[in-house]
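In the two assemblies presented below, subunit A is common to both, partnered first by subunit B and then by subunit C.
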Partner chain A sequence: MRARVALAAFALAVLAVPLLGREYYTILMLSFFAYGVALLGVNLLLGYTGLLSFGHALFIGLGAYAAAFLTGKFGVLHMEAILLAAAGGAVLVAAPVGALCVRYVKIYFGMLTLAFGMLFYSFLLKFYHLTGGDEGMRVLQPFLLGFDLSQTPKVKFLTGPYYYYSAAVLFVATFAMWRIVASPFGLCLRSIRENPVKAESLGIGVARYRWWAFLISAAYAAVGGALLGPTVGQVDPGLTYWTQSGNLVFMTLLGGFANFFGPLLGAFVFIYLQDAVMSVVPYWRLIFGAILAALVIFVPGGLMGLVTGRGARPGIKAGRERAQ
Partner chain B sequence: MILQARDLRKYYGEFCALDGVSLGVNAGEFVSVIGPNGAGKSTLINVLTGILAPSAGRVLFRERDITGIGPVRLARLGMARSFQLVSVFPELTVLEVLKVAVISRLGRGMRLFASLARDRRVTREALEVAELFLLAEHRNTPARQLPQGDKKLLDVASAFALHPQIILLDEPTSGVSTRDKNTVMQILVSASRRIGIQAIIQVEHDMDIVFGYSDRIIALHQGRILAEGAPEAIRANEDVVDMVIGRKDRAPIKRNPSPRRGEGEGERVAPGTC
Partner chain C sequence: MLAHAINVLQSGVFHAAILFLVAAGLQLVFGVQRIFNLACGSFYALGAYAGVSAVSLLTGAGLPQHLFILALLLAGACLGAVGPLVERLLRFVYDRDETFQLLLTFAVVLMMEDITRILWGTSPRSTGGLYLLYGQVRALGVTVPVYNLIVIAAGLAIALGMGYMLARTQFGRIIRATAENREMSEALGVNMRAVYVKVFTLGTVLGTLGGALVIPATAAMSEMGIDLIVEAFAVVVIGGLGSMRGALAGALVVGVLRAVAISTWPELEMLLIYLIVIAVLVFRPRGLFGSAAA
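Presenting the complex of A and B:
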């Protein structure tokens, strides 16, 4: 009940942000919406399936470049088409990549996804004529729900229609993911996270389920990336650099992967904290590194773990005891 | 014949864990596999359940070759197993653990957007199994919080929830207190009748349990079948008594089992599995 009230309050607050008239913070929220969608996907893998991907920036990049290609080169300006294409493209790429990666677990899975991420990064960087190399590509202002908003000034577009559009996409994505984790499929994923050998003995095809989770997760990341495109206006290979994948993991840990809403909270706090720290000191990574270390040691359950009072998921503690 | 093994061999490098084992299990049978440590019991179970591929030999399930087809397809065909070291899903509740098995059996695992909470059939069938195994009152308890004996029951119960035709139990009462062993076995037998499981194969160290419940006993020694037969015949077999059962356990069956026969295997629970 309290959780529902908190959620409703948060949703209302989100809707009210543009009304405050602080354009800068309103536009920061757009990053939150985009990363929020991507993190729902990341956490389906990490929190529910027990697979830590270090390469999900690949799919964010894929989505963002899909927006750039479609608007800039093909004249497809409908945002709905862009989101669908991003998700579809991600599934196409994730199908073979995932088929290979899900055969490995733990650090091997992480390293493989990292390798594919860096491969994509190099591709974007080197195929200059196609991707614009390190200069990247422009993303034109898209149509929303069929409305041509190309005459609207950019800031007005971002803090107005695009803000609510992105919020709606995050809402729909959250609802769909909520359904997925509460489905029979979701329970099977959790059983695989807990004990893959036992899951197999109960007839759950572990590799197949992991592969599906990987596809869904990739599609989510790409939709997040596509949402990010119009916000930044210019996409470049930096979006897919491995530190971006690291940020995704950071956000997830910050919010707490044991809780469905943890990663969303993590994305929110990360984005505003990063902004605040960056405006004070140039070496924000140093500070974030310290925060991350403190987090893992003292609050392994993340911020959501603090809020719900559940602390670490006991599985983590058990893992630590086992390691000792 | 439900399950048949033909001349199974399994080598680990130079070491020969199974050296030509053949056996058959009929519908309605409760078969126990006994043997000292290193006799090849666990290897046999793992080969029969497809976790290990044999170096040579074949396994047939209802006349169908199932050698090395893997646990997932075996579970679908109707063969289930439980593990020697308790194997559950620690963070899932008792009911959720059982639901995984029911979902798997009903083939509903790929329902991505269906509500599990509203799936009455899955819930009902998981609860039925929980009740058979006296776990219903713990249904919302995470598996990791259960007492050791209940964890063991849950492991077995989840295999039963697959409604298999045959079930292989790797030391179903290991880690269970001596006092509770018979309770566990009675639950097991009555549950298998209720569910309609046609045959049970168990690996067991506790001779009271072995002689008390088996229709047939297979004694393994150094990867070979030393003797096979009804409990009375096995008890009368001098070789088996010498090499497997031990003299101390030979006398009156109804008493507490002797202190462990130098194995300690039964009580061991790996930290990673529970």
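Presenting the complex of A and C:
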């Protein structure tokens, strides 16, 4: 009950942010919506399936570049089409990539995802006639729900219609993920995280379930990336560098991967804290590195763990088996 | 044609020598402590900056410039002092899941990147014209900087020294025993805490030495650490996690292939390396020399 009240209060607060008239902070919220969607996907793997991906920036980049390609090169300006294409493209890429990655667990899974992420990064960087290289590509202002908003000034577009559109996408994505983790499928994932050998012996196709989780999580990350595209207006390969994948895991840990809403809280705190720190000193990495170290050592349950009084579930200890 | 091939080869092997040092540090720590230390790239960057400072100290003190290689080696070795500090931090998570260990080394990466920025500024730093100070060798129509040969020889010497240390000395036996079975060696009276500090410090020194030695050939930049770690990562995957021989073979593969790719198909560069990494992880996850199955 208390959780529902908190959630409703949070939803109302989100809807009220643009009314405050602080455009800068309103636009920062857009990053939160985008990363929030992506992190729900990251946490389906990390928190629920027990797989640490160090390459999910790949799918964020995929979504963001999908937005850039569709608006800039193909003249597809409908945001709904972009989101669908991003999710579809991510599933197409994640199907073979995931099939290879889920054969491994623990550090080998992390390394393989890292390698794929860096492969995509070098591709974006080197095939500049296609992707614009390190200059990246522009993302044009999309149509929302069929309305042509290309004449709306950018700031007005971002703080008005696009804000509510992104918020709605996050709400829908959160609701869908809530249903996924509560479904029998989600339960299977958790049993795989706790004890893959036992899960297998109970008739759960461990590799297949991990693969499905990988696909869903990739689609979420790509939708998040596509949402991010119009916000930043310009996408570049830096979005897919391995440190970005590290930051995604950082945000998840910050909020607490043992809690469903942990990643959302993590994204929110990360984005606003980073902004606050950077406005004071340029050395946000030093401060954030210290925060991450302190979190890992003293608060492994993340902020949500502090709030709910529950530490990190031993969940992530799962995957003690050696693949094959 | 031949001259071109030799030229590409020597620059590849030069890069491989540097990569080997960093990757050897990564392997040593992974082999014994089972921690994939992302921060080894940061040690490399730290060594590079310290190398620049050491050389400017040397010139400032009016000592002959030809001694710069000693200054670099000294700077690299002294920075091993960072090792025990980071190891102290990692000690908190030795009994935790590797997700936390990996994230803690990532935290060190973030912190070290800004620490080098604070200490040495954001603009690239280089040692000026020291690269060709030792002259160049001309043979078969190629000109090779002597410094490259020195670094290759140094890398080889360190590889042999490490091999000797691991195979023949008491400390090496303890390291191998610990890598094989931590509980058993602890039960036999090995002071694990001391071994971990030594191993991690040695791993750090290898990284900082690599950074210090590369510096006459390139400029020190704050992103060089996070860029190199992915190359070192490729090296250890290709060679096999935890294996010293693997680090050597992997470094040669990555260094030479990258040089070949840059000179023939510049678009491929690292793309080719990552493709090989993926192929290795998929078809032979233990790498060329790894022993433990994935």
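We adopt the following convention: the second predicted complex is superposed on the first by the 313 of 324 C-alpha atoms of A that agree within 3 Å, B and C clash if a C-alpha of one lies under 4 Å from a C-alpha of the other, contacts with A are read in each partner's own complex, and residues count from 1 in each chain.
Criterion: contacts are C-beta pairs under 8 Å (C-beta built on N, C-alpha and C of every residue); 3 or more make two chains touch, one makes a residue touch a chain.
This is a predicted model, so every value here is computed, not measured.
The wider contact with subunit A, measured as residues touched, comes from C rather than the other of subunit B and subunit C. Of the two partner chains, neither subunit B nor subunit C is touched by A:280. In the superposition on chain A, contact of A:199 is made with subunit B only, not with subunit C. By the touch criterion defined above, A:20 lies against neither subunit B nor subunit C after alignment on the C-alpha atoms of chain A.
By the document's definition of touching, neither partner reaches A:5: not subunit B, not subunit C.
When the two complexes are overlaid on their common chain A, residue A:290 makes contact with subunit C while staying clear of subunit B.
In the superposition on chain A, A:119 makes contact with subunit C only, not with subunit B. Across the two superposed structures, the residue set of subunit A contacted by subunit B and also by subunit C is 322.
The part of subunit B that touches subunit A in the complex is made up of residues 49, 70-72, 75-76, 80-81, 83, 87-92, 96-97, 99-101, 103-105, 108-117, 119, 122, 144, 155, 158-159, 162, 271-273.
Across the interface of their complex, subunit C is touched by residues 46, 52, 54, 100, 103-104, 106-108, 110-112, 114-116, 118-119, 122-123, 126-127, 241-243, 246, 249-250, 253, 282-286, 288-290, 292-293, 296-297, 300, 316-317, 322-324 of subunit A. Listed in rising order, the residues of subunit C touching subunit A in the complex are 36, 38, 89, 92-93, 96-100, 102-104, 106-115, 117-118, 226, 230, 233-234, 237, 241, 266-271, 274-275, 277-278, 281-282, 285, 293-294. Interface residues of subunit A facing subunit B in the complex, by the touch rule stated above, are 176, 179-180, 182-188, 190-191, 194-195, 197-206, 209, 212, 216, 313-315, 318, 321-322.
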